[in-house]
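Across the two complexes that follow, chain A remains constant while its partner is chain B and subsequently chain C.
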Partner chain A sequence: MNLTWRLAWRNLWRHRRRTWLTVSAMVVCNVLLIFLIGLQLGSYDVMIEGSLGPVTGHLQVQREGFQEDQRIRDSVPAATALARTLRRALPEAEVGVRGTAFALASSEARSFGIQLQGVEAAREPGVSTLPGMLAEGRYLRGEGEEIVVGRLLARNLQARPGDEVVLLGSGRDGSMAAAVARLVGVVDSGVAELDRALAQVDLAWFQSVFAMGDHAHALVLRLPHLEAVPAAKARVQTLLPPDSELVVLDWDQLQPGLRQAIRTDMVSAWFLYGVLVLLVAFSVLNTQLMSVLERTREFGVMLALGLGPGRLARLVAMETALLGGLGLVLGILFGTVLTLALARWGFTYPGMEEVAQQFNLPARLYPRPGAAALLVGPGVVFVGALLAALYPALRLYRLQPVAAMRAV
Partner chain B sequence: MMRIATSLRLLPSLLTLAWRNLWRNHRRTLVMLSAIALGVWAMIFMTAMMRGMIDQMVQNGLATLPGHAQIHHPDFVRDPSVVNRFAEPGGELLAALEQPPVTAWAARLRVPAVVASEYASRGVTLLGVDPAAEAALGSLPGELVAGRALQGPADAGVVLGESLAQRLETAVGRRVVLMSQDPDNDVADRGARVVGIYRGRLEGDEERFAYTGRDSLQALLGVEGEVTEAAMNGPDYRRVVAWLPDIRRAAGASLSVQPWQTLNPFLASMLGLQDGYALVFMLVVFLVLSFGLVNTLVMAVFERTRELGLIQALGMRPGLILLLILMESLWLLLLGLALGNALALATLWPLRDGLDLSAVAAGLEMMAMGTTLYPLLELSDMAMASAVVVGLGLLASLLPAWRASRLAPVVALARD
Partner chain C sequence: MSDIRCRELCKTFRQGEERITGLDRVSIDIDSGEFLCLSGPSGSGKTTLLNALGGLDRPDSGSITFGGRRIDCLPRGELADLRLREIGFVFQAYNLVPVLSARENIEFVMQVQGVPAAERHRRSLAILAEVGLEGLADRRPPAMSGGQQQRVAVARAIVSRPRLVLADEPTANLDSHSATRLMALFQTLNREHGVTFVMATHDPRVMAFAARRVSMEDGRIVADRVQEPCAPEPA
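Then we have the complex of A and B:
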């Protein structure tokens, strides 16, 4: 056995240049795969967090039907008390309570319809990235009669911090809701939809203006990482009061487009990967086919000496495995170095900034170093190489010793 | 000079020789040919798919914007209020809009408004339109799911999006209240009957846009004969710059005329990024392909070392040997290109009526796309793929070809 491996290894180096060219093809392909898969996974992470950060969070508790129709009367009763229960049961989660209502916001000069959120000023920074995106002024302090609005809304209202904003809407009981708030801050999330129509006020004040009592519309949960979502969702489910018509929605239900957008993007990525692997497989096929054909005489002699075609086929398979192994090891080595370097310094290309902004991504991407990104691509290339060598190896079974020895 | 002339004279026979050499080892040639064809196919197929995707994003974006260019009061983009309005196009501007290259145009009143039903209110962008002109522009929502479309600029009814109607708990035939600001900053409101419900290209649009007749909205706001926006289409959205200056001149200095690239820079950068991405994709595929190509040539040279030594000893100049090997590579590349292009055409043809992607509709919505993908095959992409493969392929072949031409005849002949 040992001897056959040594034979295979030596056979490999009978054509140094050819072997290196084939190995290089594999290494280049492996490094490309590691780089692309790492970048892809890294950007998905950022894309998910970026999309969920400003508003959605990882999990929300809502009244059934609120997600679809956003009706003010589909509210969560005793919301703050429920939030306290959740915080006790899930100490790793940040929990914030929000109320949502439509309102007509008017400044001295202009009026616009907006989506008004009542938030817990002290808790909101834990569940949302919005408070951290202040462009002007300060965030809410939980004192009531204060409002924070998106950048485009502030521009459209022609209002600046210190100005008064009149809010008009209807309360949960159908009564007229009217109030005046002082603009204290302007947030710039980079997402036009939010910047154009979002405004936040303090929850307690919101509840009194919109006749909500102790009701709110959503309990927003933020977890340390995405992987913790399913377990937390199951846990929250058990904590909801029975017969309350409350539901727990995870980020996939709250923003169904996100996962699908990722899936769509993956299809085109896998297409590219598939083509690269196939091209490398062709390269290996060619090399091994040549190396078998040019040894026809030699193999004929070995057959005549009593070696079975099975052993010859195994020899070719071993050669391919060594060839592929070399590509695998070197590929992973260079790929790791590249990934680590990029994970440190990031990666960007011209024109990416505007596009990244639309999807809430930073302009610089960092690949995610991890076993999946490092091993999947090279592993598939290795298997592809072995499969490619099947045809040349199987040809050996058709070899006739006498005819083979006569071959040039 | 003499040498080049000789080379040229020998070119036909070199081509024949190269062609025959190629088929001395038909298995290897076929494997390499398959690899090149696969690579070329992938380049063209993938680019066509991505082009189709981007084109649809841009088309959707332009239908929503709407138009290839828009005319506004200079302050409107910064302050989208009815205060920043202008008189409906007339005179020189009207003449410019009515003749080619402008293919369609529409003047509209676009104002922020509130739609209130008995149960709920929502903020929307209310568009006072002339339905016939908008239809020519292609800016009306595609599909009516209930009721009727607006019948003319004087139509006082309102057409709402499906999901907005659902959130307002209203339906065709019911009444809603439209509220907006008039030029004096007073709230103007009136009741309106919901005459139609539409399904938008994107769900986000359904909640954002409500439509009513232009004259009736002008009457509500007291701005008869005035609009806030005029949108126009030209023959090709990529070539707006060609005709925009004429419109600008006709519109005069008091109006701002902007192409879609300025109004929606995201769409423009998406389109630009696409061109770069297609080239990067092709180069990546080629890079992996090139190793196989070089390898094939190295082997072809290696197994003919003696032969190459012999023809050199017989007086063939190194330059011609270099040319011979390059010709072999050229044949291989051209055959692969032909096959790959044919394969791409054959696979894209069945998809010309679109590829149904409704399984991931919400994800496509995030990217501002519909649920059917129409691949877009552009001649320039096929040309780019071919140029990359032939150009860089020959470049990669230079090394083995050069080595073949540098063989010392005596050493080569002595090889077993």
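Then we have the complex of A and C:
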């Protein structure tokens, strides 16, 4: 080891307890950052999946403009064939076909405007978590004149499973669409907007009632994980018929508010992390400043011996780099072990399981280990520690040998 | 021509409201290979003159020439380089780096000079032998006696064969035997290697070893005389 590095290393251990305290602060901060960032990224995954799960999916093929203004005529033609093509090309993806229409739903007591979805009953559980959120009755079986509605809609209609619901709307060809369906199930997604207005019926029956033919309004794709979305989107784009006016929208385009919410959450989280890093930086500043002040005389001698002020400043930077490096390595080590263990086994807290069950979410939280979670936090702490050494280094740079040697 | 020429050096310090005169129009020439001691009471200006000669402190006015080069107005970096390569310092309080061994303390200066590791190692062991500490190369300063530490400090000061060694009260913390051994070592280095020695001291034993004795009072040189130095004791 170079003599200057050796000197820097030994200088660190002149005050063993103080060094360990500072290193411990860095290690705790690094472990916290690794765990919290991993947890944050993991919870975003859950949040995204939770938001996309009931209706949206990861990708949708729609007619251009349908997302902004959901007109029944803006449909996807030959939807069955296109769905078959997508399933063949993307075997890892679940693909469901949906039709959407606005209709008036009436029970014996009341009438409400609803968004009626025609879904492939057998495939819908693959692309949506809604079928798993039944509060009463059962989900669709693809047997025609059946309907599932949200909990609030059922309450508003004062309807229960077994009751009849009359549907009245406008068909794709402009004709009147009217039908009677039997309420077979009530879903409780926990999202009031959905539970108040959403109703689902079998796709084939929907296409028949609303004169859709083989048209649909969305082919919904659900992928094994979020990271697969960009590649799948690019692949689907190549499979669309040319000049078809069809577009592929990813979850960010389908729910633009979701990423914004995540960004907002990230900002507040990073503020917290910033405070943590700042506290550690001050701890390092304190240690290094003390270390420089109590060695002023020694530094004066070094200056007298011919060391340039830059070299002395570099010595403090090296000491800080070693201190920060120790905190970095130990922090990453402990943080990785903790995060990997929790990523494998997950963790929960009192009351979480009930909430998760209600929203059809996993009952345990799993931090997401990855380069960002493992390196960003400790990296920032390391840089913060180096920056904290600037002031002591600057003091050394300005040191005059005679004045320094007079220091007690 | 003298190796060191000081002309009309003045230096004052502020101590609270009071202004203290450190050097008052001091002029002195020191030839290469001289063995000179600065004597005088505390506050007479010995250390101030030593600091100015070594480029550790700048005079308020006057000039210092070292080897034909004005050094009183050199920038900090160049002064540091001058000290690194041309001047060795020995301090009263030894001032060794406590976390480095005797050998590492000596090597540290050479490393800064850019001497290759193998050469540093060889020279540090040789100089330790020269100052009589060959068995203590790996011992750290806190585990050494005052005399041993001062000899390491001397070794550190002379390992790069500087033209000038400045020593400020080098024997102040040493017992009589160690002080005499140190002065004998200085004399040997002076005679065998031609190193110029300038020492500030109160100690009559040190003064006796010097070939030239400069007395100072109130920042001024009041006497400058050549004398017959003591011969080193046989080892």
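Criterion: the second predicted complex is superposed on the first by the 359 of 408 C-alpha atoms of A that agree within 3 Å, B and C clash if a C-alpha of one lies under 4 Å from a C-alpha of the other, contacts with A are read in each partner's own complex, and residues count from 1 in each chain.
Here, a residue touches a chain if its C-beta (ideal position, glycine included) is under 8 Å from a C-beta of that chain, and two chains touch if they have at least 3 such contacts.
Keep in mind the model is a prediction, meaning the values are calculated, not measured.
Undergrad: Look at A:Leu258 in the shared chain and tell me whether it touches chain B only, chain C only, both, or neither; answer first, second, both or neither.
TA: Only chain B; A:Leu258 stays clear of chain C.
Undergrad: Is A:Phe112 touching the first partner chain B, the second partner chain C, both, or neither of them?
TA: first
Undergrad: Check the residue A:Met266 against both partner chains and state whether it touches chain B (first), chain C (second), both, or neither.
TA: Touch partners of A:Met266: none, neither chain B nor chain C.
Undergrad: Just checking: does A:Ala372 make contact with chain B only, chain C only, both, or neither of them? Give me first, second, both or neither.
TA: After superposition on chain A, A:Ala372 lies in contact with neither partner.
Undergrad: Using the superposition on chain A described above, determine whether A:Leu285 touches chain B (first), chain C (second), both, or neither.
TA: first
Undergrad: Counting residues of chain A touched by each partner, does chain B or chain C come out ahead?
TA: Larger number of chain A residues touched: B.
Undergrad: First (chain B), second (chain C), both or neither: which does A:Gln70 touch?
TA: first
Undergrad: Across the two complexes, find the residues of chain A that touch chain B and also touch chain C.
TA: Touching chain B in the first complex and chain C in the second, no residue of chain A appears in both lists.
Undergrad: Using the touch rule from the top, collect the residues of chain B that touch chain A in their complex.
TA: 25, 27-28, 31-32, 34-35, 38-39, 42, 46, 49-50, 78-81, 112-114, 119-124, 166-167, 169, 179, 181, 185, 187, 204, 265-266, 269-270, 272-273, 276, 281, 284-285, 287-289, 291-292, 294-296, 298-299, 302-303, 357, 360-367
Undergrad: Give the list of chain A residues in touch with chain B in this complex.
TA: Per the touch definition, chain A meets chain B at residues 15, 17-18, 21-22, 24-25, 28-29, 32, 68-72, 102, 104, 109-115, 155-156, 158, 169-170, 193, 197, 256-264, 268, 271-272, 275-276, 278-280, 282-283, 285-287, 289-290, 293-294, 349-352, 354-355, 357-359.
Undergrad: Using the touch rule from the top, collect the residues of chain A that touch chain C in their complex.
TA: 2-4, 6-7, 10-11, 13-14, 297-298, 301-311, 400-402, 405
Undergrad: Can you tell me which positions in chain C touch chain A when the two form their complex?
TA: The touching residues are 51, 54, 56-57, 76-77, 80-85, 87, 89, 91, 95, 97-100, 104, 107-109, 111-113, 156.
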